[in-house]
Amino acid sequence: MKQFIAFVKKEFRHIIRDNRTLLIILGMPVVEILLFGFAVNMEVQNIRVAVYDPTPDAFTTGIAERIRQNSYFNYRGSVQTMDEMEESMRKGELDLAVVFQQNFQEELVHSGEADVQLLSNSSDPNRGSIAATYATAIIAGFQREQTDLIQIPFQIQTENRMIYNPLMKSSYMFVPGIMGLVLMIICTIMTSVSIVREKERGTMEVLLASPLKQGTMIFAKTIPYMVISFIDFVIILLLSYFVLDVPVNGSLLLLFFVAILYITLTLSYGLTVSTLVDKQVNAVIFSAITAMIPVLMLSGMIFPVDNMPGALQALSAIVPARWFIEAVRKVMIQGLGVTIAWKEMLVLTGMTLFLLGVTIMKTKKRLE
Amino acid sequence: MSKKVIEVFNLTKKFGNFTAVDRISFDVKEGEIFGFLGANGAGKTTAMQMLCGISMPTAGEGTVAGYDIIKENERIKRNIGYMSQKFSLYEDLKVWENIRLFGGIYGLSDKTIAEKTNELLKQLDFEQERNTLVKYLPLGWKQKLAFSVAIFHEPRIVFLDEPTGGVDPAMRRQFWEMIYDAADRGITVFVTTHYMDEAEYCNRVSIMVDGRIDALDTPAELRRRFSADSMDEVFRQLARKAKRGDQ
Amino acid sequence: MIEVKDLHKSYGRQGKVNALNSISFTVDDGEIFGVIGPDGAGKSSLFRILASLILPDSGSAIMNGHDVVKDYRKIRQIIGYMPGRFSLYQDLSVEENLVFFATLFNTTVEENYHLIKDIYQQIEPFKKRRAGALSGGMKQKLALSCALIHKPEILILDEPTTGVDPVSRKEFWDMLGRLKEQGITILVSTAYMDEASRCDRIALIREGEFIGSDTPQGIIDDYPEILWAVEGTGMSALLGELRAHDKVKSSFAFGDKIHITVEKSLQTEELKRYLANKKFNDVRIAPIAPTVEDCFMALTS
């Protein structure tokens, strides 16, 4: 046990004294969240919009006119039936549909409340959600003007609905993705590099020539990275909650459990990599190619898995991040419990056991 | 009196508060074999880096191969050769590829390189190893080849940093015979070593202690002055005075 | 007691490179045994096998009763191993390194401080300094302290003095002498032939084979040639003339002298006259006792 503690202490010292790396591993989640949160949410123009207005009146035509005049929108006219609207949306001809309720003006004057639905096409979730935000702003502006004009308090209820990709507000989509990416990078690259560095610098030779058991060393190596990646996970969670307004709808405890499961998995992968290569450079390259790129391309972080061709979908099944992202979405965003997310968690556990098995088999008790 | 190819005056290098090289002054004549000795940490490497034009002196002045070490360091690099125990040749290149590469770096024409390569391999009796990867050569052969490559472009001075460390005794002597040949051809040899018998092979020897040159003379004169039987003893007497210890 | 029997080891495709070829020797308790030879002769491979870090192709090595292959766990408790390359944590301080290695071996610095006191005291003023910022000689002392901190029965030192200046080298060997007095068996390798005299017994190694093994004096006594030292001015030219003489078998520079081996029939006066004819008038020639380096060269020629 003393050996173990001494080793963990030593690992922490390595990390703390390497200021640049420390900055990267703690700064990375912040930068990524802000980058995706703001830079990726760029201004959207030329939003193709149509209006469904079963009973046109002064208010509905007024709102439609404002949208038509707004420079961000490309007004495609009004549609006659909901079916027609859905058809154009499915074809991708529309980004947004504004759907007024029946007898809009009447409802508004009599009950002081009327509903308008904004249906955004979320096959491009970013564009869809921004379009809806713009439209909401226009309607709110119209409402303010009317209130000033006729002095009657009334309320236009706007309801945003994403269709074809429900719940895919873009930040909802990328926050779990960033968690998957950052943890993968830190755990896999850092762990494999820290072990391979001992081989490269010759310190492994001395460790091997000591009574220290290989298992103790490997386990001790993972502890600091487990702590750091958990800190990173919490940073991402706090930033998404407070800066990007991503809700935590489900159990926080379950979410942490999923995170620890995934961290263990990525650490195991880092250990596996370290048994396969002998140079730090190779460890970085190998981890980057086998861990980072699949997270970006195949995990559903950027491209929805459902939209992938069959072969890539199959390939994505072996990408751990895919299952983690799915589990986080279910637990964090959709607020579902373990009864729904068990499958993903089971896959993550299975992968971990497999990688640990490979690592144990490949770990050498000698130099060659 | 032959020409001086290295002349330095009060050359100094400081790293923060620490004076690695402390006002050293000396000169080296053309064709001379100049031994540059000192304990670990005495400042040898730093001094050598300044002479090779890869480290800027904090103070002092000097010329190497006729060029100012402060203003003309790029020209110096073209007129010197360098080899060390740590780096000399690319292990994963073949013998001829290494020669080709270093010839090219110093701007020799393809024709010259081809001619000189044949000549060199013949001299070293290496013709059969032309296509061997350098990493498969025994250390002694490697060092001999590295030395030949370092003087391939006929530099005026060649700097050798512990060229014979770990080399077997017979090879070490063959190596020194190559040094003598080079010196006879007018190439000045500036060499560091931890083998004190090799200090005897130098025309003159300087011994650095704590960043300064404490002694500089022919080996015989140094032995006489310190009433010592060997250079080893001279070295010990001087190094024992070191205050800096190991820095 | 170390008993090595018929060790073989080869590397590369189809065992192309013969690193060790039929190595056998024994080392008694409390002995300093030196393995002496140039780089690439197989010293590191041998020491790594003895430290249980690599497996031999065949042969056996028993260290204080433990087999280096089967009982590798036990081996790793009783040896202190110092690899050829500086192998401590450069980003940890002197003190942190020492404490870490003590803990690794389930001991404390205090428990065995008496063993390293001599050595460690010299670097203790710098105990807060990071190991990477130490000079060659100091790194060596720290590495030795770390290898000693668990009071090993056998110390395996792979080229501890490479790249170290003559004064620090002498100090290092003085330290080994004091450790020997504490009863520690020391196995040490070096490429510096002049360090042979500091060992109780030595083995000369070349291209994976022991070409001689005895006490340093024994090796010298077995020197088969007649050895003379020639002194004079103009070494390079003198060397050439000596080689041209048909009764001179070999001639090599040794510091300020030239060591030559000669045919029995050659007399010093005869050689002097020969050299005088070549205009070397101030030449002194005298028979001398060989050094280990002479022996190594005679054995490898």
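The chains carry the letters A, B and C, assigned in the order they are written, with residues numbered from 1 in each.
Here is the rule we use: contacts are C-beta pairs under 8 Å (C-beta built on N, C-alpha and C of every residue); 3 or more make two chains touch, one makes a residue touch a chain.
Fair warning: this is a prediction, and the values are worked out from it, not measured in the lab.
Student: What is the touch distance from chain A to chain B, in steps?
Tutor: 2
Student: A-C versus B-C: which interface comes out with more C-beta contact pairs?
Tutor: More C-beta contacts join the chains of B-C.
Student: Rounded to a whole Å, what is the gap between the Cα centroids of chain A and chain C?
Tutor: Using C-alpha averages as centres, the distance is 60 Å.
Student: Could you grab the centroid distance between chain B and chain C? Build each centroid from C-alpha atoms only and quote it in angstrom.
Tutor: Roughly 26 Å, centre to centre.
Student: In the complex of these two chains, what residues of chain C are touching chain B?
Tutor: 37-41, 134-138, 159, 162-170, 191-193, 206, 235-236, 239, 252-256, 293, 296-297, 300-301
Student: So in the complex, which bits of chain A are touching chain C?
Tutor: Those residues of chain A that touch chain C are 2-3, 5-7, 9-10, 13-14, 17-18, 201-203, 205-212, 365-368.
Student: For chain B, which residues count as touching chain C in their complex?
Tutor: Against chain C, chain B makes touches at 38-42, 85, 138-140, 162, 165-171, 173, 176-177, 180, 184, 194-197, 199-201, 219-220, 223, 230-232, 235-236, 239-240, 245-247.
Student: Looking at the complex, which residues from chain C come into contact with chain A?
Tutor: 48, 51-55, 72-73, 76-77, 79, 81-83, 85-92, 96, 99-101, 103-106, 146
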